[in-house]
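In what comes next, chain A is part of two complexes: it sits with chain B in the first one and with chain C in the second one.
For the complex of A and B:
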C-alpha cells in the first residue's frame, strides 16, 4: 500500500500550493486564516506521509490551533474585509472532500495493517548502527567524528547542514519577534529614566532577592558546563544556552526587569552578541570549504584535502569543530532567548502606545 | 589496610542506604500531610518537609552511597560532587520558594488564615 501513501503525498503538496496561493490572493482576512489552517492540515498530511510523525504532532496544534486563534483574535480588533469577496467556495469544497476521502482511506489502511501503516524500520536500522559504531572509532578514521557523544556528533557533523537550517529558523523567529517591537526602545527609554529616579527597591522580598542572586551564578556555571561539555556528555550548545536563560528570567521575576537592564542586559548588546555567535558558527562551518574541503567538515577525510580540526588540544579533548559549534551556539541561543524575554517583559501599555492601539 | 577500607565502605554504604530510606519516609509523610492538612499554610509546611527531608536528605544519601561503590572507579567522586551540589542548591532554593509562595498568599489576601494563633505581620503593618 505504498502507492496510496505517495498519491496522498503528491495530492496534499499540490493542494498546499493551491491553498497558499488562495491565502495570498483572498481579500477577506478571516477566510485567509481559515484557508491557512486548511493549508496547514494538508501540509501535516504530507509530513505524515513522509513519516515525520513527531513533526505532525507539533505542527498540527501550533499551525492549526494557536496560529488561527491568535490571528482571529487580532482580526477581531480590526476590519476583516479589504474589498468585496470573489467566491471560490466550490474549489475549496472539492479539495477538502477529496482530501477527507484520502485521509479516511489512509486511516482505515493504517488500522487494518496494525495502526502504524508502512514503517521503514528495517531500512533505517543500519543507519543507527553506522552512527553508533563509528562516532569515535580509531580503526575507521574516514567516518569518525572524534566525539563520544553520538547525538552531538550526529547533530553537528553527520547532518550539520540540517542543524544549521534549524538554527536559522530559530533566529528567523527571533528576528520576526524583534521586528514587531522595533521602535520600542524610543518609547521605553523615558520609563527607564523614571525608574532610575525611584528610591524604592523593586521586586520580591529581600530573602528571595538574595537567594536569586546566588542561584543566578550557579545556573550560569551549570549552563556553561553543559555547553562546554556538549561533545563529551549529554547536552550541547542549545541546551546550555536554554539553561543559561533561566538565570536572567529568575532575575526578571525576583528583581524586576529594570535591574536586569541595569546590569547590562540591553537589546543592542544582545543583538550584537547573537549576530557574532551566528557569524562564528557560519565561519567555523565555511573555513574547511575555503581550504579545499567541504562545508561542515570536522575531521580529516581521505577524499578531502582539508586537514580537519584537531580532535584534542594539549590533552584536552575538544572533538574538532563540535566544541566550537557548541560554544557559539550556546552564546547565540542564550542571547536570543534573553532578547525575547526582555522584549516580552515590557509592560503592555508601552507597546500598545507603539502600535497606536487604544488600550 | 585493605580490610579497613572495605569496612569503611560498608559503613558508608549503610549510612547512604539509611539516609535514602529516611528520605523516602519523609516523602510519604509529606504527601500524606499535603492531602490531610486542613489549610494552606499548614499544607505549605508539609510541602517543605517534602522538599528538604524528601529531597536533600536522600540526595546526600546517594552521594555517600556512590562514595562506597568502588566498582564505579573514579566516576564515584564525580557522582558524589554532583549530588552534594544538587543537595545544596535544593537546600538553598526550596525554603525561598515556599517563603515566596507564603508571602504572595498573605499579601494578596487570597488565603484566609483559619488556625492562626498570633499574627505579628498584621500587628506591624496594620
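For the complex of A and C:
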C-alpha cells in the first residue's frame, strides 16, 4: 500500500536535508536565513502530509515569517559574513563523517525495528483515544470539553495548566528581551519628534505601499478568523496571534517603523494591551476556582459544584472557556510580538549612543 | 510492502541526518547567529520526529477535528481513524517555548555584538576574561 502523502513526505524530507546542509555550509548569513526559510516551508509540507494541520498553522508564521525577520534584523545590526573556519585534518573529518553515518544507520534501524513502538502504526495510544472519544461526546458528558477540535481542547482544557506555564515562559522571554533594550526611549523620543515633522513619503514606491495595505487587511482578517474559530477548526489563539504579526511586519518593512508608530502601534499601548490579555487569561482560569470548582475548569463536572462555562451563547457555539482563552491569547501574543519588532527596528546608532561604545 | 518500508527508511534517514547536520552546525560554526539558525533547524526536526509518533498509516486517516454534533457511530469512526491529538498539542507547546528561547538568544547575541564588536565565538572567548 503506497499512500500519496507519504511520497510527498519523502520528497520534502530529502529537499529539507539538502537545504539544511546548504544552510550550515554557506558563509553568507543572509543567504543562510533565506535557505532556512525555504527549509521551513518544506518542513511545513511534511507536517501537512502527516496530518498535523494545527502545527502547520503555528509553524509557518513562526519559522518562515518571525524567525526570518528577527534574524535579518539581527544580521543588519551585526555582521553579514561569517569568518572562515579552520578545517580539521582530512582523515579526522572522514572518520567523523563515517561515524556519524553509522550512528544514523543504527538509529534508523532501531526505529524501524520498534524503538518508538513502530511509529507509522494503525493504532494510537489509549490517552489519545480517550481524548478523541470524549472531547464532544453528548452521551458521556462527564469528561467532555464541548469543543470538536481535539487539539485545542487538549491545549486549553485537558492540559490547561501546561499551556499556562508555556505562556509564562513566553512572557518571561519577552520581558527579558525588553530588559536588554531598556532606557532606549529616552534617546529615541527626540528622533520620533523629528520624524513627525517630515513629509509622509517615507518608505518604498506607491505600488508597494498600496499592495501592502491590501495584504495587511487580508492577513488581519485571516488571523482573526484563525483565532476566533480555533475551537471549531484547526487553529487557535497562538496561531492567530502569530499570523497577525506578519501584517505589522510588512508595514514596517514597506512603509517604515515610523508609519507603524503613527498609526497607533506604540510601546506603552502594546504593553498595556498585552498585560490586559494575560490578566484576562488568568481571570478566566481562576473564576471557576473562586466559585467552588477547580482551576481551568471548563464544563460542568459531577464532582464539582461550579456549573461551568456555557457551551453556546444564543446559538453561537463558543465551547465554554476555550473561545475566551483563544481570543485573549491571540491579543497577548500579537501585542508581544509587535513589541519585540518595534524594539528591534530601532536603529543601532541610538544603542551605541546609550552604551557609549565606539563603532 | 517493500516500497512502503523503503519510503519510511528514507524518511527517517533524512530526518535523523537533518538533526545531525544541524548539530554539526551548532558545534562547528563560529558565528552566533549561524549557531542560532542551526539550532532552530535542530529543534524543528526533533519536533517533526515527535509528530511522527502520532501519525496513523491509514488511507482514510483524519485530523482530530470532529463534527459539531457527532453520533456515537461517528465518534467510534474517528476513534479508529483520527491521528493522535496529544502529540500535536505537546509539539505546539514546544514550538512556542522554542520561539521564546530563540528570541531571547537573538537579543543576547545583538547585545554581545554591542559589547565585543564581533559575533565570532572564538574572538569573544579571547576578548572576555572567561578562559576555558
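Please note the rule applied: the second predicted complex is superposed on the first by the 234 of 359 C-alpha atoms of A that agree within 3 Å, B and C clash if a C-alpha of one lies under 4 Å from a C-alpha of the other, contacts with A are read in each partner's own complex, and residues count from 1 in each chain.
Just so we're on the same page, a contact is a pair of C-beta atoms (placed from the backbone, for glycine too) under 8 Å apart; a residue touches a chain by one contact, two chains touch by 3 or more.
Keep in mind that this is a model prediction, so the values were computed, not measured.
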| item | value |
| --- | --- |
| Touching partner for A:205 - first (chain B), second (chain C), both, neither | first |
| First (chain B), second (chain C), both or neither touched by A:218 | first |
| Contacts of A:133 with chain B and chain C, given as first, second, both or neither | second |
| Which superposed partner A:227 touches (first chain B, second chain C, both, neither) | neither |
| Dominant contact partner of chain A by residue count, chain C or chain B | C |
| Which superposed partner A:37 touches (first chain B, second chain C, both, neither) | neither |
| Contacts of A:53 with chain B and chain C, given as first, second, both or neither | second |
| Residues of chain C that touch chain A when the two form their complex | 1, 3-5, 7-18, 20-22, 24-25, 28-31, 33-34, 36-38, 40-41, 44-45, 47-48, 51-59, 61-70, 72, 75-76, 78-79, 82-89, 91-93, 95-97, 99-104, 106-111, 113-115, 117-120 |
| Touch list for chain B against partner chain A, complex | 89, 92-93, 96, 99-100, 103 |
| Complex contact set, residues of chain A against chain C | 1-3, 6-7, 9-10, 13-14, 16-17, 20-21, 23-24, 29, 32-33, 36, 39-40, 43, 46-47, 50-55, 58-59, 62-63, 66-67, 70-71, 74-75, 77-79, 82-83, 85, 100, 103-105, 107-108, 111-112, 116-117, 119-125, 127-129, 131-133, 135-139, 148-151, 153-155, 159, 162-163, 166, 169-170, 172-174, 176-177, 180-181, 232-234, 238, 317, 340, 348, 351-352, 355, 357 |
| Complex contact set, residues of chain A against chain B | 204-205, 207-208, 211-212, 214-215, 218 |
